[in-house]
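In the part that follows, the structures are each spelled out as structure tokens.
Both of the next two complexes hold chain A, though its partner changes from chain B to chain C.
Let's turn to the complex of A and B:
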């Protein structure tokens, strides 16, 4: 209960800051629209059958790009004033920081999906399946983005406490989120094909999300602070030679 | 003799191949102010990070409030406050909102905090400034907010990394008085500074961090002038560093 209250307080603070400049939403939303425009210019002239094959890839490619942008910006706020360390030094459950950041990133990604999915439907008639199955589409977007954010928030936080290695996030995140994105691609294809096995695919995505979320929760504090001290983990260094000058005469 | 609020025994830290701390022994007792001096890059900030739990040392023992602290858990963090060299404030939030966020987080953990306005006014911030975004503050004003956030928690252990930075003469005097009040209250204080006059006026002991080790120390034994002379000798032996800015020093 305490953990949830602290996570909600941090999320409220995130939202308060976001509502003052809309920096995250504008950046991510604009990038989504730009990608949609590029997709339209590149693929709209293709045959409808080709759209069917391309749609899952376009959707999750956008989530992958917008996701990494969002995660970077979510932690840039902390990096700019080093506020993440203030939170880590505060007497709060550190997992609350992870939960708040993940919730914020997921909220932004879901807003982008609310632009992306109707956008794809407008551009590509083959995306009619999204409009026909709004509940399943929303669940698919939530589960796909949820898994991506679960693992992405962990590594974005780890890099935020380092010395400004944002580019590393791209290198680390894409290989690690590949399983989530692959599952999402397969499930999206099942949704477009109106495959009766869709609920099974969604359940598999849910299980994967739970596993990733649990692993991230377990690792979060270690990634940020390091492992607990183990005495004599390294050979002792030259000990300090402490001279007490209080016993020496004044110069 | 009262139990140490914090103690380090043989603490060592290295980053890659660079040894930053080698076998540091340090004790901070309640009702005492210890000044930490050393050239830039001598390991002062690393020492603060280890004491506040933001960094796990490679070797050695860290004790907080009488018990071994392999990890600095939330109950231990509830009893300490750390003011880093950066102000660690959210620029989009006002001074009042910054303090309230941390007060609310503490309240969620069942911990009390002094009212934000009261502490901010005590540190010389005008009532009109309290509602303004911190991003519009001067560095000195932001430093006062950061100090207020730390003092609001009534910490038993106060860790201050160059707290006099950017404060004007009035601010330095005010902070010195506040720190003496904290000492009277029974708090243990560790502060680093390049301000010689401020240190000798309020510290009970000054220690020199040199080559990653606490090399020498001087202790106040009742006569402030005598303490000043002996501290000046210690100050005189500080390694020259082109980036080091010493103010008001006796060199």
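Let's turn to the complex of A and C:
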């Protein structure tokens, strides 16, 4: 309960900051619209049958691109004000930071999906299935974005603690999130085809999300600040130039 | 002061990579000779089947190296061990090379057997993904900020998690790829060719792994000595 309360407190602070200037929502939303316009210019002239095959890819590529932008920006704020260090030093559970940041990134991505899915439906008539099954579409978007955010937040936080090189997030995130996006692609295809096996696909995505969130929660603190320093059981036999200084007992 | 046992152990550990490489040489020569001179041509796939004797061992080695890298990375995170970090990096580098071998030989074999080099088969895709994760890990270790070692370790752990997925991909998704039991069902003459090749490549990989770990440890020691020289303890 304490963890949840701390996470909600941090999320409220994030939201308050966002509501001051709408920076994340405006940039991510605008980027979604730009991508939709590019998809329209590139694919609108294709036959409707081709749209059916292209739609899942267009949807999840947009999420992948907008997701990186969002995750980078979520942690850039902390980096610019050097507040991530302060957050880590604060007397709160570090996992609360992960949960708050992940919830913030997920909220922004869901808002973008609320622009993206109707946009795809407007541009490509083949996306009628999205309008016919709004509940399943929303669940699909939530589960797909959830898995993406679970891994993304961990690595974006890890890179934010270092100096510079934020561009590495693109290199790390795409290979790692491809399994999530592949599952999402298959499920979107099932939704468009009105496949009766859709609930099974959604359940698989849910299980994958739970595994990814659990793994990210386990690794978050260790990745950000390292494992707790344990004192040596016995002193080293001889001084060595190559001893690991980080394992020395704190004085 | 070190005990005689530990000093003997250290000496053995020091020569082990060289011994592995020495032992691999005759095995590899024997294996290549058997592949091209003694193993009969497979009836349905023809000469292209000979790629199998290089492709499968490299695939297994790539998965093994990803596992070693992931486990070493977990130890590195848990114990802040620079030794484990060196093992993780060295294993990832060998995994990169063997993974590249798999991704190059696979399409050649696929083109001869299926008529297409790439079919989007689950095992092809998951192997390519594993290789991409290894590349991302290496890029992060080489070009990341100073604190990115821990982040790279997390990446290696996720890569290791991918390994069972690749192994069971042919069972889970019913793909075109031969099943995981194909090696056990090989006829005796092919079986006799496969294992020496696998043994030779395994020894080469382990030898290179040992050498690279030693090199990385020496580089660490050099760095530490340099720091101590610049900033001597008071």
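Throughout what follows, the second predicted complex is superposed on the first by the 229 of 251 C-alpha atoms of A that agree within 3 Å, B and C clash if a C-alpha of one lies under 4 Å from a C-alpha of the other, contacts with A are read in each partner's own complex, and residues count from 1 in each chain.
Simple rule for what comes next: a residue touches a chain if its C-beta (ideal position, glycine included) is under 8 Å from a C-beta of that chain, and two chains touch if they have at least 3 such contacts.
This is a predicted model, so every value here is computed, not measured.
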### Query
When the two structures are overlaid on chain A, which partner does A:151 contact: first (chain B), second (chain C), both, or neither?
second
### Touched partner set for A:17, first chain B, second chain C, both or neither
first
### Query
Counting only touches as set out at the top, which of chain B and chain C does A:49 meet: first, second, both, neither?
neither
#### Entry: When both partners are placed on the shared chain, which of chain B and chain C touches more of chain A
B
### Task
For A:179, select first, second, both or neither according to whether it touches chain B, chain C, the two together, or no partner.
second
### Query
Where on chain A do the contacts with chain B and the contacts with chain C coincide?
226-227, 229, 237-238, 241-246
### Query
Given the complex with chain B, which residues does chain A contribute to the contact?
2, 5-6, 9-10, 13, 16-17, 20-21, 77, 80-83, 85-86, 88-93, 96, 225-234, 236-246, 248, 250-251
### Query
Of all residues in chain B, which touch chain A in the complex?
10, 12, 14, 19, 22-25, 52-62, 70-71, 74-75, 77-78, 80-82, 84, 86-93, 97, 101-102, 104-106, 108-111, 133, 149, 212-219, 221, 226, 229-230, 232-234
### Task
Using the touch definition up top, name the residues of chain A that touch chain C in the complex.
151, 154-155, 158-159, 161-165, 168, 171-172, 174-176, 178-179, 182, 215, 219, 222-224, 226-227, 229, 237-238, 241-247
### Message
Help me check something: in the complex, which residues belonging to chain C touch chain A?
### Response
1-2, 77-82, 125, 129, 132-133, 135-136, 139-140, 143-148, 150-151, 153-155, 157-158, 161-162, 165, 217, 220-221, 224-225, 228
